[in-house]
Every structure is written in structure tokens, then in C-alpha cells.
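Input: a single structure, listed below in C-alpha cells.
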Amino acid sequence: MPEKLNHFVESQQLTPSIIDYLFKRADELRPGPHTYLQGKILALLFYEPSTRTRMSFETAMSRMGGTYSSTENAEEFSSAVKGESLEDTIRVVSKYANCVVIRHKEEGSAAIAAELSKVPVINAGDGKGQHPTQALLDIYTINKEIGRLNDFKIAMVGDLKKGRTVRSLAYLLGKFKGIEITFVSPEHLRIGNDIKAYLVRHNISFSEEDDLNKVIPKMDIIYMTRTQKERMSEEERKNHEDYEKKGKVFAITTDNFNLVRNDARILHPLPKVDEINLPIETEEKDPRIAYFRQVENGLYIRMALLDMLINSS
Amino acid sequence: MPEKLNHFVESQQLTPSIIDYLFKRADELRPGPHTYLQGKILALLFYEPSTRTRMSFETAMSRMGGTYSSTENAEEFSSAVKGESLEDTIRVVSKYANCVVIRHKEEGSAAIAAELSKVPVINAGDGKGQHPTQALLDIYTINKEIGRLNDFKIAMVGDLKKGRTVRSLAYLLGKFKGIEITFVSPEHLRIGNDIKAYLVRHNISFSEEDDLNKVIPKMDIIYMTRTQKERMSEEERKNHEDYEKKGKVFAITTDNFNLVRNDARILHPLPKVDEINLPIETEEKDPRIAYFRQVENGLYIRMALLDMLINSS
Amino acid sequence: MPEKLNHFVESQQLTPSIIDYLFKRADELRPGPHTYLQGKILALLFYEPSTRTRMSFETAMSRMGGTYSSTENAEEFSSAVKGESLEDTIRVVSKYANCVVIRHKEEGSAAIAAELSKVPVINAGDGKGQHPTQALLDIYTINKEIGRLNDFKIAMVGDLKKGRTVRSLAYLLGKFKGIEITFVSPEHLRIGNDIKAYLVRHNISFSEEDDLNKVIPKMDIIYMTRTQKERMSEEERKNHEDYEKKGKVFAITTDNFNLVRNDARILHPLPKVDEINLPIETEEKDPRIAYFRQVENGLYIRMALLDMLINSS
């Protein structure tokens, strides 16, 4: 085993030796089911519902032989009515379980939870903060799909301002060499300055674009994200439509799918809406579509992570 | 094992040899618990809550040694906010589990799910469509109660227009011989023409009535369903009350329970409201009341079904 | 094993020999996990959400090797729309499981459930009625913390009128000798006359106070409860604020924590809000803070209870 990780709160915590260990362990665990976590209990404490992420952790725990107790209703703990603090909740829940997965609306909440918990805490999304297990499964997928984690070109497309998936992944890519990132978004949804500063510090070269079609042919990985129109302000929405009128593209459709190189791969954290619009036939058969394999990889890497955190704690 | 069933979407898929196999298997599995599904995971994807059906599948899976991951909140996937398609959801969820049970508001949705899922899909109710595991447990119960699935008289009572339970059961009865169905409902809640046409094609004799009391004494099985007043239009409700004023009866009460033959049985898919109104004492002791045994049978037949689908897939 | 308990509906059902048995069994089960309930299924039927209590029972069941099927949505069964009676629901659910934990808004509902259930029923809170497993874990904690269940002084503080936790505990303390209870509350939140009459009948001496600071130094156990301002009427709330203006105290803060004797213990059923306001440092390290150990004890005593009820039924 690599150096000990007590909690997994942000993707920067991952070192090359931990990453290497988890990738190998995930590959080993893939066949399943296993009994490595028999008798162990995972608590899932979700302050906002996320059925997909919850099911991924639950089935990962099941495949390892463990059990779980979940709530998507954790808001109840801290509601105006009952008013329990996050600090109290985590101290209670960490008595019941061998590990706690937390999703919360507030950035930094997973770090608070980690401080007080007697058992490992995994951040499954903290507001605008991070979603580090997503970043972990993303790089696990990239490595599986193109055979390396250094020396590749990646486009990150969509709402880069609010998407925590992109934030976590960018932080994690800072660990590797020879990566060129192109951020593709309308101006009002650009990646934050904190990320840019971090990439500069880590010598990761990046650029910004506002038209996907220009960059597709150069890319090894096209990482699509939802545009999240529902979170836009009136002005942002108008702005966005202006871009579309000018013919700027932030989506993959049958019109530009042919621009994707044969050895390139399209990833997406899912759920997707209209930023990818391809026939089911293509999605099922074309090897460039990697996002359903990415979902499955999430299961195996979470199995490896749960195993590492619980069995070394 | 009989011929292979990949998914269970509609009751017509059941052949005599599958039915025979499942009945025997359910009898064998009755004592429980078992380990036939150890290490297997069931996903329950409910787009509308149905605690009863969910608990029945969950405990069936547990009794077989398997585990499950459930959501009654699947609507979230396809909400206006996130907008994921059913097609995408099923492709994601079928990566996590060895079998998916789906309940959805739209008729035909289970069939769509079955088409894309890599693992068996079970329809647990698709809008006005079907609820085929209910029909399966119904005929399993009829066979246990009266010792045969041919040559019997059955009254189906209540809202026959919207009740998918009745639809699924009628389709399934089309597989057997010597059955006489009497549909008992107010005119505005009559069984659909599609079902009638199907029964004609399968040489099942049927008639329609609008007063339960007239038919009770002739029946071997009285299959009651909820009148679902909450789903009636203003006009239907008024219509319904007119029937009641005329003394037409669509309920079993102490007034007409004595008309039920001693060797006849009353079934109900539950939940029931006032269409059955008998003292608890009677319900607990009178052998003609079969609906609580019917619930229990549901558990065993679902165990058999899960075993067949998962272990042959 | 002590005399048989079929259901656990109210704390008065506990006899000295059952209490003694459960305490020893909880101590034995503490290390965990176990397989005593392998193949057994617990149904959690919650008509109002209580994530904390649900998770405690679920993880208790898991640690015993059993599984569970839960709903916090049981209201659905009895909604205006579907209208199933509690009697029917319990008869259905008790077919699926080896034990049913019920939480319901109506006082007396657990008793109704127990009457019809074929399997053991545990009351996890019935409106203003009782919450007897909380009382059980309270006395288990008192015994662990001060080494005895006789001859001690306890202050019960907060909303004594509506708090069912206090009711259940007071009923249970009636079983022991040499206990002196001081009820501390504003006048409008005093303990009910039924409890007082019960204590008189059982020769438990008690008094009433309206200022916590006066009584702290004499107490072995200070049992805090939430003031539940959200349930107060306009008048009660005003009344309450008048008390606070007069300098009457119903809370533990850094101002009066030093009044707590070194061998005394503070308990709280949790969640707590501002009735306890101490630095996290103090809560984590001062041995007088017993409420997080109390939570953990709840897990072990529920494991013992589930084992006793299910394995003797």
C-alpha cells in the first residue's frame, strides 16, 4: 500500500503512488464480487439528492461485500426546524459506520466533516468545490482509453465556471507532465482564475477557445460537460444564445463528430443533455464514445478507494 | 430451466413451461433464506414511489442472498433541470447492477429500457401499460388456492379502464383454457377494447356486468381492485354516485360476503380502500379471504423470477 | 434468555431481568460485526422521516449480519389518495420481514401494529407517545457512565411537555430505587400529570424547578432535551422569552458548565441546538460530555434488542 490517506476531500491529495496503487487495485477488483469489506458499513450522507453518485457508491460497497446506510434527506438534520450542525451530524454518523461519503451544498463542508470524523470521509461533491472521485475515475478512464496520463491534449468543454467536475479534474491533471489543456466555453462561463494560477504554478500549458470545432481535430480527449442552462442568469443565457447565433459550437453532434480523430475519445461525467446529440447506434458502437465505459470505471475505482480507506483505517 | 427470458416486460411473455418452472421454483424457495443470488445486485429504478412493490422486490432479493440499490426519486434523472433521457439512465444503471426493476409513468418505457440494458429488466408498472409480476403472483395464488389454472370462473371488479393490474392479468389468463371472465364495473370504467379483442382471439369467454351481487355466487375467484375515485373526472365521479344510488354494488361488505361460495376466494392486488369492508376478525380467519396470502406469494414468485433472470443471464 | 417479549412498544415492558440481559448482550455484541441475524430482514416503516433513528437501526441490523428494507415515505400508504389503513399496511409489511420498526405520528399506532403483526414490532416513536428504545439506550448509558441504576439524582431539562424521550425515560426510571428526578422547565413546558401520577405510584421522588443553574451542582445526570421552539405557540414562545429575560437558564454553556460536578454526566438524545453551547474542544475531551458515547451505545443496545426479539420469535 502507498502512503496513508485518512480522508479523500480534494483531488490534489492524490500522489503518483496512490494513483498507481488505485489503478492496479481497480483492475484487480473489476471481476467481482469480493469479500474485502465484509462486515463493514458505509454511510452515505447526501444533503442534496444525487441518485447516480449514490448508486455508484452503494453498488461499489456491495461488490466489495460491505453494506451501507444512506440518506438523500440529510438536509433534515440541519433544517431551520431541527437545526443540528454539520459538526454534530458527522460525529453521530461516524459512530455508525466505517466510512462516510458526504455530498453537501457548501464548499468546504467535506473538509469540516473530515476534521471531526473518527472514520474516513469521502467528498462526493461540495457545492462549487470539488468532486474528487469523479476526477479520479476520469483519469483512470483516460489512462485506460489512450494508454497514458502524460503527453496528451485535452479539451474541456461547457460550463467551466460552475462545473466542479472540471475543477477537480484540472487540479488532478496538474500532477502530470506534457499535458495541454484547451478550455472551450463562452466567455461568461470561463474557467476560474484560481485554476489558471494553479496550472501556471504546475507548468501545465493551457489556452482558451470559444468554438469547439476549431479544436476537435487536435485533441486526444474531449471532455464534455453540461452547459447547465438552468443555472444561468438571464444575462448569461442571452449571452449564450448570441454565441449560438454566431455559429459557435459547444456541442458534439453528427455535424462535427467526424472531426474527432479515430484514436481520440469523448468523455462526459453524465448526465448529458443536448451538448452531445448522437444516434444511439453510434453511441453503442463507435469506440470514440467512452462515457459509458467511464461510468463503469467509476464503479471499480470507487471499490478500490473504499477498500484502501476502510482497510487501512 | 425453460426457454430463456431476457427481460420481463409484459405478462404475455410467459409460456406454460416458464410458468410451470416458476411455480415449482417459488414453492422450493418459500422456506428461505437462500444464497442463490449472493454477490448479485438488483437496481430498483422507480420514477414514481411504490413502497409496497419496492419492498417486495427488495426483500425477495435479500431472501435470495443478494443486495440492492434503490431510488424512488428516479424522476430526478429526467427532470426539466437535468434532462437525462431514459435511454441514458438505463445504460448507466445497468452498469451497476445485475438486474434492473423499473417503474415509470409512461406506457412502453420498460420496453425501451429492455432494449438498451445489458442486464435483465423487470417491468414493475409502466403507466397505463402493465404490471406483469403482479399478474404472475395473481395466477400463482389462484393455482395455490383453487388447485388449477384452467376451468374456473373469475369476476374482475372495479376500475377496469385504468387498472393495469387487471390488464396484465387478463392478458395472462388468455394463455389458459376453460376460463370465464366477468368484468364488473360501472359503464364508464369498463375494460378496454384491446383486451376484449385479445380475449376473443384467444377464445376466452367473457361478459360484462354492472352489479357485483348478481355474479358473486357463480364465481370461483373474485378479483377486486380499487375504484380509484381520485383518478376519476368530475363526470365519472357523478356517474359513479348515480350507480350507487341505484343500489348497484362494486364492493364486498358484510352485506354480500355471505354470497361468496365456501370454495371461492377473494383476491386483491392491494392497497384496498372501501371496496372491501369486512371486520378484521373475518379477514384474519375466513379462508375465502386470500389477499394477504397473495401478498406473501408475491415475495416467493419474485424470488423465483429474480433467480431465473439473473442466473440465466 | 429472560421472559419473552413479543413486541417492544413502551418502556414499561422492560423488566429487571430483560434489562440485565440486554445490557450484558449489548456489551458482548459491541466488538462486532456478527452473523446472529444472517438471513433475517428488518422492515423500517417510517411515517415521518427520522434519518438518525433509521440509520441507527439499519447499521445495528447490518452489524448483526442481517439486512433491511426501509421507507421514510410510509405516509404514502395512508394518504388521502390511496387510503390504506395502518392495519392493512402492517399485515402486508410483516409478510416481508422478520421484524418491523415503526415510527408514526399518532400515539398508540405502534400498539395497533403490534396487535396485527405476525412478527415483532418495535416502536421507534409514536407521536406524543413513547420512544422506548431511546429510553433503553439512555439507561444503558447511565449505567455505563456512573456504574449504577439506583440511587442517583437526575435533572431532566427542556420541553418536558411534548418530548416523548423524557416520557419514555421517566416511565423506565420508575422501575428503579433511590432515584430523585428534578424536572427543569419553564412553567408552560412542564411534565404531564400522567407521568407525575406514575412516579408517585412507583415511589420515585421528584420536584420541579425553573432554573437549571440552581440544580446543576447536585446532579449525577443532567439529561438535556431540545426546547423545540418550532413547536411552541406564539404565547409559549413569548412566555419562554420572558423567562430568559429574568435570567432563568435552561441551557448548558461555558457560563455554567463549571457547575457540573466532575463525576456527573451530561446526556442528550440529540439532535441538539442551542440548549448546549460548548466549544468543540470541550465536547471532544471532557469526560462529563456523554452524549456522543450515548449515540454509540444506542447502536449496541439496538443490536441486542433486535437479536432478542428476532431470535426468540
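So that you can tell them apart, the chains are marked A, B and C in the order they are listed, and the count of residues begins at 1 in each.
Definition applied: contacts are C-beta pairs under 8 Å (C-beta built on N, C-alpha and C of every residue); 3 or more make two chains touch, one makes a residue touch a chain.
All values reported here derive from a predicted model rather than from experimental measurement.
A.B. asks: Same or different: at the chain A/chain C interface, is the fraction of residue numbers used by both copies above or below half?
C.D. replies: Under half of the interface numbering overlaps between copies: different.
A.B. asks: What's the rotation angle, in degrees and to the nearest 5, for a C-alpha fit of chain A onto chain B?
C.D. replies: Fitting chain A to chain B on C-alpha atoms yields 120 degrees.
A.B. asks: Rounded to a whole Å, what is the gap between the Cα centroids of chain A and chain C?
C.D. replies: The computed centroid separation for chain A versus chain C comes out at 40 Å.
A.B. asks: Tell me, which residues of chain C touch at least two other chains?
C.D. replies: Answer for chain C, listing residues that touch two or more other chains: 67.
A.B. asks: Which residues of chain C touch chain A in the complex?
C.D. replies: 32-33, 49, 51-52, 54-56, 58-59, 62-63, 67, 72, 226, 230, 270-274, 280, 292, 295-296, 299
A.B. asks: For the complex, which residues does chain A have touching chain C?
C.D. replies: Chain A reaches chain C through residues 38-41, 43, 67, 69, 71, 73-74, 76-77, 80-84, 87-89, 91-93, 95-97, 116.
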